[in-house]
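In structure tokens below, several structures.
Consider the two complexes below, in which subunit A is the common component and subunit B and subunit C are the respective partners.
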Partner chain A sequence: MWFFKSVSKRNLMEFLLVTLFCLFFFMPLVNLVILAFSGEWQYPNKFPTSWSLEWWKFVLENDEVSRSIMLSFSIAIIVTILSIIICIPAAYAFARLQFPLRRTFLFSFLLTNAFPKMGLYVAIGVLFYQFGLMNTFTGIVLIHMVNTLMYMTWIPSAAFKNVHASQEEAARDAGASPFKVFWHVTLPMAAPGIIVASIFTFLSSLDEAQGTLLVGIPDYQTMPVVMYSIIADYPSTAGSVFSIILTLPTIILLLAARRFLGADAMANGFQMK
Partner chain B sequence: MSKRKENLLGIAMVMPSFISLLILVIWPVMISIKESFMNGEGQFSFENYIYVFTEPMMLNNIKHTVVVTLISCIIVLFISYFIAIYLRFTSSKIANFIRKTYFIPMFVPGIIAIYGFINTYRDNGWIARLIGQENLPVLMYDIKGVVMMNMWFNIPFTTMLLVSALSAIPDSVIESAKDVGATKLKIFWKFIFPLSYKTMLVATTFLFMGIVGSFTAPFLVDSNAPQMLGVSMQQHFSVYHEFGQASSIAVIMFIMSAGIGYLYIHSMMKEEK
Partner chain C sequence: MDIQLDVKNLTHVFKTGEGIRDINFQIKQGELLTLLGPSGCGKTTILRSVGGFIQNQQGKIIVGQEDITSLSPEKRPTAMVFQSYNLWPHMTVFDNLAFSMKLKKMSKDHINERVQWALRLIRLENTAKKYPSELSGGQQQRIALARALLLNPKVLLLDEPFSALDAKLRYELREELREIQSKENLTMLFVTHDQEEALSISDRIIVMNKGDIEQMDSPRSIYNEPNTLFVAKFIGKMNFIEIPIADHKASIGNNMYHFSHTNSSKLTAAIRPEDITIQEGKGDWLASIKKIMILGHYAEVTLETEDGILKTFVEKRKLESLHVHDQVSILLQDVRFFEGNDWIKYIKKEELPTCITV
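Coming up: the complex of A and B.
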């Protein structure tokens, strides 16, 4: 009892909060990790009765799986690079220049979120069909970009806006050309926002399943597409192993980019004016 | 830089991004809207809309979508606000732990989160094994499951926006209010809430649009009837091959999202003045 007396009411509340937080957000993930390494886990045992790596072997030795991993990564890398090239100029213009219809252009990107994705994919499918883009690599890259245009334009734009114009002017006064100023002053200072947006782009491409299923059938089986069939056809142990493989890149990216991931870089992107 | 030059440069820089938007989003949206007003013979008609607004099954689906969306939005906003306030004014070890981990769910691929959720909460899942099946209410394949899934996906993002807004409130404002004897509740209503409600609107916009248009979570976790409109639209397209009806459902979802999108744009524009 001494323990409960020594903690104040506030501490107890805090303890409850963090317990609920962890249970709700992390229990489903922990469950997958346990499942992935379990050999036998019959109902109603609380934990697996035996452990095994059998499904790891199965998943890793499966050609289809390794091909889907390669495919997903190449698509995600291309989508990210293309999005950066296409969107960064617009992001800079929205932040720094005044031009006619600026607001209309800026807010038109909201349309990617306002129109239901599934409906959009179906209509894009109709277009792709006419242009022979069904079941092509290009088609998949394009459909993934639907999800990334808004993030890649808004978040970096907010980052550019937060670079003080005076710093650019100082560099220009010292005789640097506009391009040099952008490259050596503006870009490094806006880098955190651009990196956050790129990570989002990369992960949303890795994660995209609906559009890929629609335009990539039958030749382009990305990781999430394979995940759908594994869920349907294999025991949950196999699904869990594959889940971990699919989540691993995310965790590595998160750790690598940890210092850039502040709440502000993201939040500002959604409040562009 | 002359005004004319700035205008041209601005528009030129926006073009790559905007043209992508035009081709990948605006054009398909137009196709959907056009299709929604066409009958089976390709003539103009309101047939599809009459179907959606008179068929009892569709009316139930619309009602279900509105109910799920509103309940999810309210719960997510409430909990996120609570967590954000807690994080803003607490610097204990537990608060730091939550600060470092709360955004992880944003980066977990959707399909995997759902898979983990189903394995944890289904009637013979992990929780049923831990506490006994009879103690666990029906959560999966039920409205409760979808709402919980929406919470899992959206609380981190909403919390992130709110944390950023609350961190912009200077400590000095709150300290001086305390000095003149304002109660905690008063400080909240007079300072904290007015300074963060704008961000609440931003969060609500993206929450609402995301949930109204969602497909994967309701498809895998919700009951079979009534369905959310995203699932119903997909079925009308791929099971019944009714492109017109599917399009009209998409347009109705779009109109729901457009309402809140209008509020968002309106509030962004107003602030500038």
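Coming up: the complex of A and C.
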């Protein structure tokens, strides 16, 4: 086979490592997809003995499931919009203004992601009880935003920083007011970074289970929360169908945004400047 | 001629202590004035003040008849070309150029016409649909220049626009800028730290040092008659010799210079390399040749005298008769003296009877 012939002794090691990595990375995914479409699959068969769409039907026809999908998406959209409204001005301030404790503030956004999540959520939950935010939509949105603040501040802040002062000044010079400069020059130039951050925000909100479980129970059950119960209560096939549904938006969004996604945008976003 | 830009008592001191103090100058209509000086001398501060990017602590800036001191950049009749990062990378060249006119809501035909005119002027007609990243550095700076010209500025401000380019391109763009300037009768304030660039394109030059104006003059005067030691050191090549002074008199080789009054015991004599001639027979001064360095059509000859090292330029043809370690006599055509930083004029030059011949 030409493929194996092209592997010389020198890069045999590399080849083996890459293969191993691919197996490690893709096997579970492949397994998941096969499982989702299987009818009957018993040990020691390597493949399912029969195929079926039974569990797809179950999941898609289940009211609870479709409601959770709707809920998850509406929460994710609201969280993303709110995060943009709150964080973009903050990101711009971090990028352009020099104020005391600037780095400390910026670093504090990272802290929410540094603690063990559950501990943080329990602490927040105590607060939420006092303010009557438990089992409310607002409460879930707020707890999701605890996670997304970091993406939405760090990445756009780096994007704003990459817009040179002279590019803004040239626009002022050409007759644009500060707001028009921001609208026509700064914002479009920082757009890729903001889009990347928004996608992360959207996906992380879509994926958030721990906090939602704590704050939203019993009335607000998002996709990941419902998935916990489905995995616990039904055969693994249902779980794999559901996880494919859960992964789908991620894949679609990442494909749509792959133009903006790059190691640069990520690396820039997490620089402490 | 009309005064186009009038800068009065401009002062702006930063927290670091750097800045500009009490700057006064005027630019005439159609004149190219250059601010020249080492980095941190305040030249860019002046330029940015005129452009409106620095709110000055003191002073007035008047363009034409209008006092623009308190106007924001977008309201000023000035246009600026920056050192780099001029263009907006998310817009095509056309959009970059049309930006200001679109803001003013001009008609599409008019915008098209003006953009075409600007592109013809800088000879980049075919770039309208390209993005800045598809252009070379020199092309980008030309687009930036065109964009500034489309603002119809009363004063065009240029902040070291060519310093990021390589030497050959810099030279070409310099010529092109001068051409456009005279064609469009533009009034320009140009900032550079490159003295060659300043000498070659300016009508007048302001040499700056540490926030003060050292000298304001034509390029020729700046070169030939530097008013301060700083200017003499900064502009062109110059030989400097420390000479003692006694009884208001100082001597270099065979020449005795008389001064009306001096306060210090030492003067600095400044001599341009081209004002030193190596000759046979009688001369002003005795020297030995230390080094000969060929630099193409001429050579730099290093001479050792009793008072110090001098460098001079010798034409290729005259070089054959010169050898290292030769004793030669030299003639000094023009010597300028400085006491401290200031130029001091001698009142009389006297030739001493001791004759120097080789």
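The rule is simple: the second predicted complex is superposed on the first by the 261 of 273 C-alpha atoms of A that agree within 3 Å, B and C clash if a C-alpha of one lies under 4 Å from a C-alpha of the other, contacts with A are read in each partner's own complex, and residues count from 1 in each chain.
Note that in this section a residue touches a chain if its C-beta (ideal position, glycine included) is under 8 Å from a C-beta of that chain, and two chains touch if they have at least 3 such contacts.
Small disclaimer: the values here were computed from a predicted structure and weren't measured.
Once chain A of one complex is fitted onto chain A of the other, the partner contacts of A:142 are limited to subunit B, with no touch recorded for subunit C.
In the superposed pair of complexes, A:35 makes contact with subunit B only, with no contact to subunit C. By the touch criterion defined above, A:170 lies against subunit C but remains apart from subunit B after alignment on the C-alpha atoms of chain A. By the document's definition of touching, of the two partners only subunit B reaches A:21; subunit C does not. Contacts of A:115 after superposition: subunit B is touched, whereas subunit C is not reached. More residues of subunit A lie in touch with B than with the remaining chain of the pair subunit B and subunit C. Once the two complexes are overlaid on the shared chain, A:105 sits against subunit B while remaining clear of subunit C.
Contacts of A:189 after superposition on the shared chain: subunit C is touched, whereas subunit B is not.
On subunit A, the patch touched by subunit B and the patch touched by subunit C do not overlap at any residue. Listed in rising order, the residues of subunit C touching subunit A in the complex are 51-53, 72-74, 76, 78-80, 82-90, 99-100, 103-104, 144, 147-148, 151. Remark: subunit A residues 164, 166-167, 169-177, 180, 184-185, 188-189, 191 touch subunit C in the complex. Those residues of subunit A that touch subunit B in the complex are listed here as 14-15, 17-18, 21, 24-29, 31-32, 34-35, 43-46, 85-87, 89-94, 97-103, 105, 107-120, 122-124, 126-127, 142-143, 145-146, 149, 152-153, 203, 206-207, 209-210, 224, 227-228, 231, 236, 239-240, 243, 246-247, 250-251, 253-254, 261, 263-264, 266-268, 270-273.
Interface of subunit B with subunit A (complex): residues 6-11, 13-18, 20-21, 24-29, 31-32, 35, 83, 86, 90, 92, 94-95, 97-98, 101-105, 107-113, 115-117, 119-121, 124-130, 132-133, 151-152, 156, 160-161, 163-165, 167, 198-199, 202, 206, 209-210, 212-213, 215-216, 229-230, 233-234, 237, 243, 246-247, 249-251, 253-254, 257-258, 261, 264-265, 268-269, 271-272.
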